[in-house]
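You will see two complexes here that share subunit A, one where it goes with subunit B and one where it goes with subunit C.
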Partner chain A sequence: MNLFREIWQSIVRRDPLSTDKGKSELVFLNVWLHIHPAKVKKENMKFRHSFYLGFITFFLFLILVTTGIVLMVYYRPFPPQAYQDMKDLEFVVFMGPFLRGMHRWAAHGMVVCVFLHMCRVFYTGSYKKPRQFNWVVGVFLFLLTLGLSFTGYLLPWDQLAYWAITVGSNIGSYAPLVGGQLREWLLGGHSVGEAALVRFYVLHVAVLPAAMILFTIVHFWRVRKDGGLSRPIWKLAPPKAAPLVTIGAPAASAAPLKASAASSTKTYGLMEVVTGKPIFETITPEEEEDTVFSYPYAFVREAVALMVTVTGIMMMSLFFHAPLEELANPAKTPNPAKAPWYFLGLQELVSHSAMLGGVVAPALMVLALLAIPYIDRNPSRRPSDRKWAIWLFTLFVVINLVLIVVGTFFRGPGWALVPPWVHVVGGAE
Partner chain B sequence: MERRLQQTFFALSILALALIVAAAWQANTPSWKTFQHNYLQLEAQAEPNAITKAAVLATPPEIHQVMLTGLQRVDRCTTCHLGVEDPTMKDAPEPFRYHQGLGPHIPSKFGCTICHGGQGLATDTAGAHGNVEFWPNPLLAKDYIRASCGRCHKEGEVPGVPELTEGRHLFETQGCRGCHKLNGVGGSIGPDLTSEGANHRAPEWLEKHFLTPNAVSAGSAMPNFHFTKDQARALTYYMLSLTSEDMGSFYSSVRLIPGPVYGRQLFDEKNCIACHNIGGVGAKTGPDLLGVTGKHSPEWLDEQLVNPELVYPGSSMPVYDLDVNSRKALIAFLTTATAEDAQLILSKKTRSLTPADIAIEAGKQDFARFGCVGCHGTELQGGVPNPNAQGGEVPSLLHVSDDYTKDEVIAVIRNGRVPPMDNPAGAAPPLYMPAWKHVLSDEDINRIADYLWSKQQKKASADAW
Partner chain C sequence: MNRRSFFKLSWGTVGVGALVSALGVSFAAILRFLKPNVFYEPPQAFKIGTPGDFPFGAPTFLVEEKIFIFRDREKGFSAASAVCTHLGCTVAHFQSDQKFHCPCHGSVFGADGAAQHGPAPRALDWFEVTLARDGQLRVDKDKVVPSSYRLMV
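== the complex of A and B ==
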């Protein structure tokens, strides 16, 4: 019995969870949990503040990594075999369709959730000081998500994949000077072929996931370092409130702490070197009362979000199989050939002006997104103080959605405007 | 609230587990397992004693597949069609029935989809039969399966499939190449037909198209050739066989089935009649070949053809270096050969033609072979409708010498020509003269011109009367 206890204690060194010390140690003595703070503010964990979109996105990423690794076992990234492997997954591999379905639906879900997460962060003003840089990291994560989805789109090597990537990579080639070269570098040739498949595969299973993980680490780290989850807007202090009580820092009016000259004869601890005002948001007494231990308050909520995500994706996969069209055929262009749905807004613009949709719009969108926290100098997070920003962003979102919906549902053969309920006869031939 | 959340978490965990179990159950109960179970019961019925019965029934279910690297496919049809190679399953219900009359085409070497179409990789009924979205190659209807023979047997006659020979013959004589390319040779007005069979058009569509082109393809420039139903069927067979697939060396080694027709052709080409005779007709240097297959076994004859000296030391018959199929074909021909055959072969050889005759005959052959006859007619009569062209149809070529010099005609053949329009504001006529200079050599074009000139009817002299 003693041996068992010794083994247990060699693994788990914290105090019992019934004690406050144990609850804190559960978090900061555990490498996986210590990205959490030991204590969280209850209001910040409210569902109607964040909708847990960041968590859900991360959980979808975990599903994608897990199912993706299993799928790699069955996949060969060269043209005819790649498609045959899809068929084998469908017809021979045990639970193959379920596996592929989970990967597919989680991928689409992740694109959606990343976007919604970004909208939430914007509407709650959570990108404002001190979180500007984390917004920028988030934009890169969004682009990486699109990149992962786009590279994964080609791998089944069916007609859908082939032509979506052909159209998608054509959109990129409109960029002046570098566009054509960029496309050639990405495809390893002038058109989508064997080389493109291998390149997309390498990007999809190695390069982009690695980048994604690195950026995610930075993103999470900065969430902690920038003061944890942002305060819900309904808890924001009224605009003309009394001066706040600041914990752990001198009053704003006081002169900043001066570091004394280091002595060459003394060894310093970290606490003695780091000086100045902490970067954390100022905490009110009310917030102080609001604080609880992460265990179990935050963990049980995250666990529920995880299980909702997992069961949702599983249910989708059980009832809807991932689509697989005919073997890719470079000689047979579907009409219309469409890019993946999240690029259909751009394709719609390209159909009006290649320069606008292929170059100006995407470049402006990315630049604008990146610059948002630095352009928006308004320090207030209260919606009533930032009507303009909210209007502009909503316009941006709505235009994008409308373009995507038009491109997805209202474009028929020859990119003609056709309502989705009209069946076009013989359009594909 | 906290308690409720914990309960939710546990409920969702159980749901996740249930979903995994459901997915596993779904994966573990495919329809092919039921088929295999039924087949085993059928097999067990025939077993005499209980022990073997139990052994049969205990066979674990597994997917059967034929890996056909030479045909670039994997066929899993035998996962359910378990009795195709078992003659005792002659009267079994489908999908277990024995496939009769396959000859050398055993499923374990040829699979099923190469002839039948369908989706070999699939393991469910609808998917395997190709009746699903995004599988363009469903099972061929019974009437058209024999067209698949032509995928490997690309030349000569296929026994039991006269349609293929007929279709090929029609294609080469009716001028299809005038508008359609096949294996790189032909016009560009209609679509290239090199891999028409791989386009997975419904056979019924093709057949209707041959009967009335406009009925299935509105505004088609293809003239109505007034084919009979049999001819349309024959052309459909031929089209279905044109897949330009790489068949692998094993499968393409029998492009030509060694039958008597091919044998006769070889007998003619190799000039056997120069030494041999059949029933006294021909040369007397070698022995009479009438009834030779009755006197000697096929093996003996085969050996004789490989190396005559091995059988008859000192034989004066040359070694012809014939491959095994050619030898089989020759023997097949000799089985049926009569003095009449020899007479025909001989008469063709002795017909005297002047060099000019030969050139004109070659021109006529070219005129047919490259498809000129498709629009201009086998007798140069023209007359194929061509809306909005002057005269409304393709002109007759019987009077070209009235309006053109030979050099002008040669120029038109070389460079092509768009016919003048009746109504200049209207749509361009669907048919036009393609440029042939990239397809035909100057020699060919000159021969065609010579042929045309040999056929000119002197309108002027007729008027003089």
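== the complex of A and C ==
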């Protein structure tokens, strides 16, 4: 019995969780948990503050990595085997449709959640000082999410995949100067073919996930180093004028610090003394009282979010199958041919002008997103102080949604405007 | 600036310069590596069969090559690209109005290939058709010709 205890102790090395010391040590002696603070502000754990959207996005990513690795075992990235492997997954592999479904729905869910998370961060004004750079990291995470979805879309090598990627990659060739090169470089050829499939596969299973993991690490580190989640400070009780405690050398004129004997029951360690103000948001001693230990409060909430996410995606996959059309046929364009739904807003713009809609508008959109924290100089996070910012961002969200809805539901054969309740038989010829 | 800080600065510059150029060259090499030297794609010029294989009137669509072959009683042979100039979907030729229609974003091209409607920025390409020594028709997609081009046989 003692041996087991010793083994266990050698792994966790912390005091029992019934003690405050144990609760803290659980967090900071564990490499996976120590991204959390030992204590969190109650305010930050409220569901209504973050809707846990960042967590949910991350959990969806975990589902994608897990199911993706299993799918890789049955997938060969060459046409037409790629398509046969999809058929195998649908009809032969144990729980194949369920696995495909999980991967597909988690991917769609991730695009939705990352966008909602971005909206939440914007509306709470959480991109403001000191979090400007984490917003920028976030924009890259958003682009990586889209990139992963887009590269994954080609892999089934069915009609849907083939034409979505043909249209999507042709948009890139309108980019001035580098456009043609860019397309050749991405596709490894002049049209979507074998070389393109291998390239997309490598991007999808190696390059982009690796980039995603690196950026996610920076993102989480920054959330922590920026002082945790932003809080609606205006709702909190104003801090009492607490006497300022300065750590560091006393001024030359002041009396020297009085030395007192060190306690023999405590262990002291001096890490480093530096002067200057911290860049992150600090909390006052009163606010300190408003915190609880991460264990169990924060961890339980995160575990619940994880369970809800996994269960939700599992339920989806039980009831809905990931679509699979017929084998890709370069000669026959389906009518209408549509890009993945999150790019349909773009395709809608592209249906008016490829250069403006496919290159200029998205480039401006990304630049604007990146620049938000540096353009918006208003330091207040309080909604009533930032009506303009909120209006503009809402406009941006609504325009995107409208374009996507029009592209998805209101475009029929030949990209003609057809409301969804009209049923077109066969299309023209 | 004294001697010591001068050396410090110049060695620093040399060091950083060497590192940056080494990284730059490696990165450029990777980019170049990703650009294929040979494309294993179908050749741009190919034979399509003898003139007798093609009917008059409605164009023949060659699936692999993505071209329409027109044969006109008075004027002869011509070859039109089936690749939409907007974003590369394959256009269809409608007998009803003698026009090319693109299913992706609704571009319409006239009988001569000119962009008439929709987002397509320019006309469909027409390719040179020649008669090879062995009596077969030969299309060269690298040679774009005006829409009035015809091969009389």
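Here are a few things to note about the model shown:
The rule is simple: the second predicted complex is superposed on the first by the 381 of 429 C-alpha atoms of A that agree within 3 Å, B and C clash if a C-alpha of one lies under 4 Å from a C-alpha of the other, contacts with A are read in each partner's own complex, and residues count from 1 in each chain.
Simple rule for what comes next: a residue touches a chain if its C-beta (ideal position, glycine included) is under 8 Å from a C-beta of that chain, and two chains touch if they have at least 3 such contacts.
Owing to the predicted nature of the structure, the values given are computational and were not obtained by experimental measurement.
Taken together through their common subunit A, the two structures put subunit B and subunit C in a clash. When the shared chain is aligned, no partner comes close enough to touch A:I372: not subunit B, not subunit C.
When the two complexes are overlaid on their common chain A, residue A:E184 makes contact with subunit C while staying clear of subunit B. Of the two partner chains placed by superposition, only subunit B is touched by A:V92; subunit C is not.
Contacts of A:L60 after superposition on the shared chain: neither subunit B nor subunit C is touched.
By the touch criterion defined above, A:H352 reaches subunit C but does not reach subunit B.
Shared-chain residue A:M315: touches subunit B; no touch with subunit C. Judged by the touch definition given at the top, the superposed model places A:A328 against neither subunit B nor subunit C.
Of the two partner chains, subunit B is the only one that A:Q84 touches; subunit C does not reach it. Among 199-207, 361-369 or 415-423, the region of subunit B with C-alpha atoms clashing against subunit C is 415-423.
The contact sets of subunit A with subunit B and with subunit C never meet. Residue ranges of subunit A in contact with subunit C, taken from their complex: 163, 166-167, 170-171, 184-185, 188-191, 193-195, 330-337, 347, 350-355, 358, 413-416, 427-429.
The touching residues of subunit A, when paired with subunit B in their complex, are 80, 84, 87-88, 90-92, 94-98, 158-159, 296-297, 300-301, 303-304, 307-308, 310-311, 314-315, 317-318, 324-326.
Those residues of subunit C lying in contact with subunit A across their complex are 31, 34-36, 39-41, 61, 63-64, 66, 86-90, 92, 94, 96, 101-106, 118-119, 121.
Taken in their complex, subunit B has these residues touching subunit A: 2, 5-6, 8-9, 12-13, 15-16, 19-20, 22-24, 26-28, 63, 72, 74, 76, 119, 121-124, 127, 134-136.
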